[in-house]
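Look at the two complexes coming up: chain A is in both, with chain B in one and chain C in the other.
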Partner chain A sequence: MQALPAKSQTQPFSFLEKIWRNYTLRTVIQSIFTVWAVITFIFFLVRLMPGNPIEIYVNYLINSENLTYEQAYNRAASQFQFDPSASWLEQYFGYIGQLLRGNLGESITSTGTKVIDQIMRFLPWTVFCVGLALLLSFVLGMLFGMIAAYYRNSWIDNLISIIAAILGAVPDYIWGLMIIIICGVQLKWFNVGDLRGTFDPSLQPGFTFAFIFSVIQHALLPILTYVMGTVGFWILAMRGSTTSTLGEDYVNIARARGLSQGRIITAYVGRNASLPLFTLLAINIGFVIGGSIIVEELFVYKGLGSFLFWSITQRDYTTMQGILLMITIAVVFSNMLADLLYSRLDPRVRISGDS
Partner chain B sequence: MEDNLVLSVQDVSIIYQVARGNVKATNNVSFDLYKGEALALIGESGSGKTTVSLSFIKMLPSAAKVTTGKALYTREGKTVNIFELNEERMRAFRWQDCAMVFQGAQNAFNPVLKIKEQFFDTAKAHGWRKRKEVYDRALELLKLVRLDPERVLESYPHELSGGMKQRTLLALGVLLDPQVVILDEPTTALDILTQRAIIDVLKEMQGRLGFSIIFISHDLALAAEMASQVATMYAGEMVELGTVDEIFYESLHPYTLGLLQSVPRLERGQDELTSIKGNPPDLIDPPSGCKFHPRCDFAEAKCAEKKPEFATYEKEHKVACWFPEKVIEARQGLWEKAS
Partner chain C sequence: MNFLKLVWQNKAGFVGFCGLVFYLLIITVGQWVVDFDDDVKLDQINSPPGSRLILLTRPEDKERYVSLADLEGHSVGVLEKTGGPAFVNNYANADAIKVETYKWRSSRGVPDALEGLAKGEVDALVMFSKLAQRFVLDSENRYFQKDYAHLTISNSKLGPMLLLGADTQGRDMFTHVMNGGRILIITAVTAGLISTLIAFVLGTIAALVGGMLDRALVALANFIIVIPRFPLLVVLAALVTLNNWVLLATLIGLLAWPALMRAVRAQVLSLKERDYVEAAVALDLSQAHIIFREILPNMMSFVAINFVVAITSAMYDQIGLIFLGMAPINDYTWGVMLYFGRSRGTLFNADSAAMLLAPVIAIAFFQVSLVLFSRSLEELFDPRLRSA
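So, the complex of A and B:
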């Protein structure tokens, strides 16, 4: 009889423990907490930057239209739905309240424009351009990394490794600058001005050959730049991973079993060597959303990256918060994806009870 | 007897080319392997046992080179020199004619494929594409190695224990009905009971399937149990070859005797154990004459000057020593209680 109350006391405790032990649920809770922590951090960080949207606009008006400070301020304040005198905490709770209702708010500087609409306008271009570049970089890296590992210590390996190290050591925006200056300005292979933007503005968007060609044409240089900046990393990672896989007993024994070279390269070496790289790829997908800000700026490619850069210069708090929130969610989500993907690819880390 | 000759190894020498010079890993090794026979290669680490075996399936590291000799393999009346097979014929030869079960099966299987896929892979590589047939054969073989066949085939390698993996590898080894199975220390890294089980399984399989075995070991007791013929190797050379009884009871080479004296036995006291003095020689610059002479208790001036022939002493019993009589004298008393 005495044991009963004790038992009922442990019940809620063990219930909580069960929730915590549930892998998926725990991951989701952790992710939500991470997102909240990051948006809170961002919220205060953007407000800690010197200047606010009104001041920036006031300065602009004073310089461009020769207004007095007073006049400029009144005009700015009437145009923007932003009250700089409201306390941060007030703003914060207002923002969180809106977020919980699924509302990212309106842009401060472009009055009447919803942040979500702006993001949806720029996001597809970045996903297309940087996403394609990431995949291209990954595939090329895997290929050349494997070739280098197969011919390790030969001239092929040395050549690939040296090129990969150089590509990896120089940041992508330097490659971008070099492409513009050497190929565009000096050699005049293309007209830098024509390739600005995401497509030729004289064309009507649609499924026409000319439009699609223009889209690819405009994305080509940013993609090339991004690939050059990242492929070195993938090559070296794949080379290392393949080299250690080649030393594994099961690869040797597969050879002794008389398996064809093709089967060994794909199912025995390739599959095992690429395991850690798929995790890295999944994590990198998260950073695609953020785009490559400097590369987009450099080629005046109107993606989310360059839009974020613009909103920072304008101190458009709500837009910045919106974009950074998207990036945060993408990174957290892709990390979850990496976990999930890895457990699919490698039977050894499959969660017990899963199979 | 000649009809049953499966593998005839003649005068095989292998070197490793390293920065310091050539490591003479195997020198003029010759032996014959008959159908259903088990030959044990015994000797210290580095005596060339594995090197010579790897050469039969052309799996030597790239720094190694076969400098002399032939390995004649016969199947259904046709004889080929293994060393002359081209890459594609070698690929077919591996596993189908000569399977090698490596030491330490812990990592022998691809971790991301189910065991059954690895059986299918092996069969498919040799043109056997009927999955149902392969599956049935795998079931039968896994039953032979006393595993729960369905469960093992549906498992991933990490779901099996070390002993189970080793037994699965044995089953996989005979999937294509090879004539020669090379077992490179198949029981090292396993506990004594699992060792026992594997040896029993091996003997049963050999009785049933009739393949020949090359058994590489430094465990003399296991070699005595598995093999019909035993060859002692020292510093890349075969120094004694004979039947199990000849090697264990009538050893003629001081090195074989040394090995036997260094094994503890139940009926003897600990104090009677003796180790072979000295260290294995440098194979880049080996000692003159008989390579064992610096470590030999019976060595005389002649041993350092001239290398003894690997010659027949009596019947099939061969030895490379100038003074086998001294060994005969010294071995008296070694087995008196045992036999």
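So, the complex of A and C:
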């Protein structure tokens, strides 16, 4: 009764209101807005900061190739893809226009190579490695977290919780170092040198058994490192979530109805307890991708992380800017996907947005 | 006392607490107990843990010259640019000993000194155990074995033991481990303080003021949270020259606050609705009273736990940056030890595992102590968890 007059008041913008109430659309719009903000941030970071990359690069060109300031500036402009005579506002819109066409500029150190091509060469390896590791540690974490919650305050729970806390406390690259030093160098379970790179270079890429085996072999250590670094977090999160779900009325009622233990665990407890973990998944993706810089450097795994580090040490600023942008966009969109997935799994989220 | 009793109840938390006390002792008292070893010693490069200076004599003098005291009035040989000369000169009655210094590796180097001993130029030779192993004891080494095999070690425990061996410049690693945590921990705590303070202030303001300011602050936090922190830090470290730890701590602190700020905001929003706060508002108590006497005390546990968590994540960022070589390496910290361990290839050398494992374990145990302690803090502040 009271809602009616309120509705008629917002008539001029009612279609905006409707969009805002649609959870899916709202999430997508928010993500696009975030991506725009990130692009803007990185644009100004690279161009307007004191001692910004363009200035450094121009000075470098003047010193190393004896160019005049004009020549050096024009060279920098062509590689960073901006019009030197334009105002920074025009440059900004030009930059966004280029990005919309999927153009991230040219590499500074290897002239003529498109940044986007380079990124596409290295990105799949990182996605493969990080994705598989996240999936593994998510599943393992759910499993052990539920076991700990079921036997809470017993020795099983204490053991799992302590191990999870220790695994989660130590940085992933420290686990990687320990794996190399203890398993590789001291116990000689594997030869560290042979496992460098993404696959055995003597093999021809293709759908052959040897190639796929080599790819998995080379990804094993980074994946193990990521899993060790993140699984503790998932175990503790799942344990907490399951513990609170076990106290819910619907679980007690399911028990009273005499449902089988297996059905209660999967359909009643497992499903509801794992819901909050999906929102955490998004935050974790960014964290693991961030850590991949060090882990990939450590295992000499040629993914996006080690490529970013390479571009930084080479002072290849266009590449650096492109990768940072790419990583952030990947994280924003995986955030978005996690949110949308969550809203499918838990309809309450979608509906509560209405009020 | 009550505090210790409560900590004792959670065994894991107690271990963490003891660990933190141990680290506190190391970074405060450690530097006076163990001096940082900065002397390059050519004979100790990459030496394994437990090696030390020994005394080498001719077989007939084996019983006569066992310590420097036995050598008073006699002559002893040392090698220059090694730990030997300093060791003999630091002996209380050094004037009574005639010291003969042999050159290190010019023309014949070590064999010269061994020959001097064999021919009777000196009565004993102060040498490093690794070197003796190579030139005297190693039966595989057929070049020197035949000439000097008869020389005997009269005292295999002459100098102090290098607990963790020596690094690529022959410096005692143990002193580096003891001295390498201070700057690292100070930086992490400062960064944690900065981020916790920003999160706390902005979160409280956002929750209490509300409206546009609230929305703007939350949007800012949401924006910073999606940019993966570590890649951004690495890029910023490439643009800004990080040449001191204050700058590093500030940079880490400035990027780490958003997650905590959102949590603080939610906490304050929920506390605002509590009966005792509404009662204080109804009693017309001042804003300051409500914030500092009603809301703040109820958030202390929450803030304390998150402060500890912030230290662990600052530690992660900081050591990661140092490991990649993007942060100051003029202070010789555990992170710098890892950096040199990797860049100088000792990572793959089976004999010098202690050189990398020592800082790795020091870092890992510090992080574990922090996390275990933060878990016991949770129980400490929340009586409901304690009874369980």
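To be clear about the criterion, the second predicted complex is superposed on the first by the 251 of 355 C-alpha atoms of A that agree within 3 Å, B and C clash if a C-alpha of one lies under 4 Å from a C-alpha of the other, contacts with A are read in each partner's own complex, and residues count from 1 in each chain.
The rule is short, and it goes like this: a residue touches a chain if its C-beta (ideal position, glycine included) is under 8 Å from a C-beta of that chain, and two chains touch if they have at least 3 such contacts.
What you see is a predicted model, and the numbers here were worked out from it, not measured in a lab.
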item	value
Partner chain in contact with A:I119 - chain B first, chain C second, else both or neither	neither
Touching partner for A:N272 - first (chain B), second (chain C), both, neither	first
First (chain B), second (chain C), both or neither touched by A:R255	first
Partner chain(s) touched by A:A149 [first = chain B, second = chain C, both, neither]	neither
First (chain B), second (chain C), both or neither touched by A:I180	second
Touching partner for A:G168 - first (chain B), second (chain C), both, neither	second
Partner with the higher number of touched chain A residues, chain C or chain B	C
Which superposed partner A:L345 touches (first chain B, second chain C, both, neither)	first
First, second, both or neither for A:F287, with chain B first and chain C second	second
Which superposed partner A:R263 touches (first chain B, second chain C, both, neither)	first
Contact set on chain C toward chain A in their complex	12, 222-223, 225-232, 234-235, 238-240, 259, 312, 315-316, 319-320, 323-324, 326, 338, 342, 347-350, 353, 356-357, 360, 363-364, 367-368, 370-372, 375, 388
Residues of chain A touching chain C in the complex	34, 37-38, 41, 45, 49, 51-53, 153, 162, 165-166, 168-171, 173-174, 177-178, 180-182, 185-186, 192-193, 283, 286-287, 289-291, 293-294, 297-298, 305, 308-309, 312, 315, 320, 323-324, 327-328, 331-332, 335
Chain B to chain A touching residues, read off their complex	57, 59, 91-96, 99-100, 102, 104, 106-113, 121-122, 125-126, 156, 158, 169, 172
Contact footprint of chain B on chain A as seen in their complex	248-250, 252-260, 263, 267-268, 271-272, 275, 345-348
